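What follows are several structures.
Here come two complexes built around chain A, the first alongside chain B, the second alongside chain C.
Showing the complex of A and B:
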């Protein structure tokens, strides 16, 4: 049964898009939600049906797609992508439900979300480089419309910057793909064929110089993903999108696309470029540390929830990169685990900031003079303050919350490789406690703003939206064992290739 | 005797039930207004029941220590394992029971203690913190201990938030949680570093910490961060500013949830890893830092105008002093001071709060007022190390530990002097208040209940708290003996006993009299001194200007953040974007121009190529050249070529 679950997971949102586009707006909402839930149900079933303690690919589905170019429809799930399948499964029904009351162009909005869900599921499960690139490239397009049509005042510029960054990134990745494809004989895009150091030692001539294919492709891929992850200092488009996009769209970007970008980096680099990865591990750690610190410093000076969320994301990406660069089983497992937690935490953050933004018309908590423009929500909206508290606790890695697991594993795994980075990272995480609690104070504590007397707490629909996210943050923090057992064998196998 | 259990103990279930009930009350307490405390009570009873059952088994099974552990995040036998487990010995059972009793008494008299409307959230906060203390003391690994620690300060934060309706209170609450969580994160990083090269870190197994055999630098860094993080929970200098800041939260609640319980949770780990710290040689450093912190905090406390802030300083300084006691005089001394000062602070805050409320001047209220004053006076004696109370066991050991060097003895005596001075100064300051109180008898009894827990008999089994060189006053078994296996103070000779005791009591009486002279005679001389030197006074009272420094650092951080963001977004982000856009425009214009020229050229060539045959065809079409003529010529040419070929 599990052999068709991946295809169903990808197919349901597409069918949903098709049906909801030809139905009335009232029905289209339900169709979109049902389609998204159906895909998520398949995805959760897929993860639940997985065998632990094995590094093998599971639920494999494969058939030739473009035979003349050895491109195949090759889908599978393993310990590395299972958590992201779970994340996307949790995320998208919540996002569709959170835009339930959207007045204008609801069909378009939901349709684009469904396409995005398909694209991300596909990018995560694909075991063929071309197929992965196909889905990954597809995932960039909905954002252009989602930001450009439903965004704020500066939406046009933001959507343009978003698509330019994505396209540029994708072009780098495509160049890497072509390089890889032609470097092996017979030509292949299959990750299975290309893994195991097949590219090691291969070179190509460029302007009279011999360049290693592995190194160049690794650099191109890294640059391409860095433009979408985001990595400091190329995050300008990301913060602008955070400012202008609707909250749910930015959640899809930060909590959906960013972890997937990191996953592709881990998957492709560990499988295809173990040697280059080994050489670059210190650089990856350095980039991660810089991301963590700069994200933290920029976050500390933020006066609005949206840009704060963007910089929190930047900072957390830095932490995950540190885990990836550590090349230790503990660190990499932590990094993979933290991808899920990053997604859930940012989704929680985005949802409560979206609700605040919807109720008050803005998400600014301090004005230019440093005076509070929000405040006192803890007494007016206790449920919202509890949700925000859980998100903050998870982002800081308090015990019992899911962030603790990821943080602990990454720090333990990275310290033995690069102690200085970990010490710097520790300072950045201390900074995180400062800016997150400053935000909490300004938004939830103190005297309520004058116009907040009618501020409504989370409605039943909103509570239903945040419920799976809050449950995930708590459950994965208290009982991480099943997921760790799922990730670990795959990571150990990947690391054995590197070492 | 240790034994490995296959399932958690009753105590663990008690903690779980208490936590569950407290979270339930926190979330849905408002739906049962006024009754949330009963739910919490059930939880407290569950905890006490768990402690009782396990204590019974503990005594029955000849002090058998129970251990239960499981892997949590990583397999327990591998390097970097993150395990959880319970370590149930006399210490964990006693401290859990103490926390539960204190919380129980507090909740029983919550209205008296808070002097405000009943709040379910505050009850839940007390319960969460209590569960946190019990968990911290009962955990087998530092990871679970951290969970307990975080629960204590989250409880404190909830208590603050429950009454947080002004911006001043919001700042106070945010600062509290930020500093506590920073301390936790520092300790957490330290433990992660220690875990890097070790399998499960177990608090009952000295060997699991691998001191000496593992990388010494990393071991130092790890332990250093761990201890620093735990020390931050004791509210030391420079993270002490919030203790001397005003807030709307009632003093007893603030003392219990913001100061005592988080410190106790942190203390649990310090006490458990005492042998490791001792072997590593980290103690002298920690001891001196704690000592300096204690002196500065006590000085600040002396000049505080409000008793609430003075009490906070006394308690915070007392916790720093407890750390110094731990470093120089061992865990028994440290713990006895910690328990003594905590209970005394609770009694003083509760009593002073009751006296603060204005009421009618009737004999009944005067009688109640007198009882409360007596309780406060006894609390002063109990907290400052009067004979017969638990804290004297620590104080005297502290003096004895400094007797080896004259300079050290003098310094230790001086620190002890200002500690006692501040304690009694507070007592006299509060005793100057009104004589009447309408506090209920339950409130007064609760104060006396706490007082009874601070007596030496409870902890040492002796009337004098075991401070005599021999023990003629021993009435029963000593809990401290059970905890630490130490029997009395180790005096080398009778003269040592006399000189140490003499110094101790001399300092104590001197401080008591100085406090009376400076505060107890109607006028507070410390305040007058402060008025004479207003700027210095302001500097000391506000926590030595640390807050201003932090504020400036925060502003610097904002500036750096703004600058970095603007620089990256505008210079790099927009610069790259504009650069690309300009590049594309320039290139496209050039290409366009070239394209126009090329097109024109091609058009010219094409025109010529097409025009010649077109002209010819046009001539045929217009009739200038007849088609049959053209056909005839063609046929002729064909015939000629045919015959030529033949």
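Showing the complex of A and C:
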């Protein structure tokens, strides 16, 4: 089956970047949007054309790129990455549309979003480690400019910390890659050749000590990804970006790159290091729990929407890590599913908080004295408060909303293996309902704050932006079956190698 | 007679040079444009001649003075390409006025001639003479901004370091000639392989010649003048020297060290150090120090040209990683990186030169807000620099990957670690520059710079091949691999 949909998905945004960069600003917006939509259309077609009940790679496209170093252009889709393809397909047209009226440098902003879309699609679909790292590295650069140019007052420090964290993370992954590449004979980057414990038992010599390759490469890779996804205590740059970046950029970071980082962790670690993974599963679980709890505690003390969403992301990442570390099929299916939901709900959160801070000039809902600075938006802006309600309910995992499926699967999957951490996690989730409801109460309920009577509800364009996200959140919550069926066979195959 | 066919590229270059000098003398001040065109045509001719030479295979001519092999031809193509790009960019800069463009073209051609000779020299005397030839022309090029104090300082520093390096190389040659009674490096190798010298003598010879080569490459103990030269010279000259004189250094370093101080090992495509002297440790130490020092200092700079100068030093350290592994792959990686450097460095200095003409300064703070005023140029500058430091999506990353990989494969994980560390620091240094370019993007109201069509075209001439080098990396690797296959060891 060769319909080249994956290549088209990757190519369209790049072509869009080229064309929009040479056209006038008024026209460039449309070009960007059309390119992004075209890519998303291909991606959605791709997911719809997938066969369920199989763990095989589908829509494979492969040809050698750098033959002398066994690097190939190898793209495919399976149950593990299908959901992320869907997520990116939903996310980026929305982001481009949400920055429609950007005053300065609209072409640059849209161009960077398009490059990001290409990079994330590529990183998700690549079945060759080098190719994956290539796209993953590409996805780091746009953020530097997105934060540095369109960020708030503290953008210099934020963008600098962002680029340092990501280049440090990339260098760790780079080291892991070289170790992996030279440890197998013939040297290879193909995930297929490397899978199935080829690396286990191999050692390399470092300053007179012989170290196991799979353990070292696993640690390097995890550290490298932890610097790109927010893992406590390395989340400083992330919260700073959340504070300074425009909300669309933060959405691209939290809802785009973070799930992709988690995906790469699952994909590469389950395929390449099954032994190290089963050895480290307790640590992953512990890191996940700590992340969940610390994210919750920090979020509870926030008084602004921007940092709050960063810490919500942190604690959701913790939950997904627990699912990954549980090594049970239910938990891992839940974790993979929750990656999509994390992306969608954070996108929704980011968009409505972006609208609020655009209208009021700030995103702080409680001032230093604990008095409300916003409030009563439910009567003034009903459609916005409905959207926010759905997002909050989904983040909390209310039955009927999509978060419920993911949360439930992760909790059920982990409980039989690590009851203690699940108990801790459950209390952290209770804490989440405290801080998210506090936020909702302060922003939307009660009497409108003084000096705050004129507030426009979501415009038609903004409603169109949040529409796909809200639809996704509701639909995947009420009817998760097709997606779960898509994920399950792949996850079971992956797990069979670990045990 | 047939031997002259094999030095046709050099003859072509020399004739073009003579033609330009005569043209300058007889038609002073008229038809300046014609001079640029003539040089480009001459270079194109030399380029074609070099490609034709590929069919003759590896051969030594003039009694072993010159070695015409794939390695030499590779470097000749590289130098001619570099010269063409440098001369092509000169009509866009104001630092070299129209009246002095002829001299500039003549000097660049002379330097190219010297580099081409250096690339195929296999005789100690010829190596020394082409060294001097190249250095003398470089002083003139560096001092070309006559009114600028920095330029004069650059030329003086280059002169001092160049003389010291020449002296060191001469001492090393003297010791080699005295002990082996031969000037041809292949003969010297045969002698050294059959009857080994005492370790101290070999060590002294190695250190003397290696330090001389370090000066040419800009490696650790002798790098001090390089950033000054790159900062002080007129910007197009910086672009030319930053690649050209370093690449010439690498050409001669690879040939000289691998022939004189190494011998083929048991496995095909690998070598081992000659005799008792394990010089690979010294080279890897120098490599690690060069890249760490270069990248850390680059991070602290306040002038864009100087920042790139230190990045160039770090790049030299990186390339040196390919040498001590004594492996064909390592040398192939050096060559691949040098091709990338041609586009990345000429490109960076080309954009900087444009900014310099507009702002009369290359201080980082004066570059503020250039992203808004000249979008394409700034984006390209950042791309060139990221390519230079080997940031992932750029083709430079592939080159760095191979270098670090070769180091890991040959049990030098510490060197590889230093390399990765230097990559991170240099990326941060580039990020500092990029941040200044962004400036206060939203508030700035300075009007955009006017960029004409020919500038944009020239920028494309640099960017597109750079991208192609990454996309068709396989073909480039094949060519590079072939270039190694020819060497007479």
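To be clear about the criterion, the second predicted complex is superposed on the first by the 496 of 499 C-alpha atoms of A that agree within 3 Å, B and C clash if a C-alpha of one lies under 4 Å from a C-alpha of the other, contacts with A are read in each partner's own complex, and residues count from 1 in each chain.
Operating definition for what follows: contacts are C-beta pairs under 8 Å (C-beta built on N, C-alpha and C of every residue); 3 or more make two chains touch, one makes a residue touch a chain.
Because the structure is predicted, anything quoted here is derived from the model rather than measured.
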Clash or fit, chain B versus chain C on superposed chain A: clash
Partner chain(s) touched by A:212 [first = chain B, second = chain C, both, neither]: neither
Partner chain(s) touched by A:489 [first = chain B, second = chain C, both, neither]: neither
Partner chain in contact with A:299 - chain B first, chain C second, else both or neither: first
Which of chain B and chain C A:25 touches, first, second, both or neither: neither
Winner by number of chain A residues touched, once chain B and chain C are compared: B
Touching partner for A:164 - first (chain B), second (chain C), both, neither: both
Chain B versus chain C as contact partner of A:140, first or second or both or neither: second
Partner chain in contact with A:197 - chain B first, chain C second, else both or neither: neither
Touched partner set for A:41, first chain B, second chain C, both or neither: neither
Of the stretches 26-34, 386-394 or 602-610 belonging to chain B, the one that collides with chain C: 602-610
Common ground on chain A, meaning residues reached by chain C in one complex and by chain B in the other: 164
Residue ranges of chain A in contact with chain C within the complex: 64-69, 103-105, 108, 119, 130, 133-138, 140-141, 144-145, 148-150, 156, 159-160, 163-164, 167-168, 170-171, 174-175, 177-179, 181-182, 204-207
In the complex, chain B residues that touch chain A: 27, 71-74, 80, 82, 143-144, 146-147, 150, 154, 161, 164-167, 169-171, 173-174, 177-178, 181-182, 184-186, 188-189, 192-193, 195-197, 218, 221, 225, 554, 557-562, 564-565, 568-569, 572-574, 576-577, 580
Chain B partner contacts - residues on chain A that touch it in the complex: 161, 164, 232-237, 239-240, 294, 297-302, 330, 372, 375-376, 378-379, 385-386, 393, 396-400, 405, 407-409, 411-413, 415-416, 419, 422-423, 426, 429-431, 433-434, 437-438, 440-441, 444-447, 480-481, 484
In the complex, chain C residues that touch chain A: 371-372, 375, 386, 391-393, 397-398, 401-402, 404-405, 408-409, 411, 413-414, 416-417, 420-421, 423-424, 427-428, 431-432, 434-435, 438, 441-442, 473-474, 477-478, 481
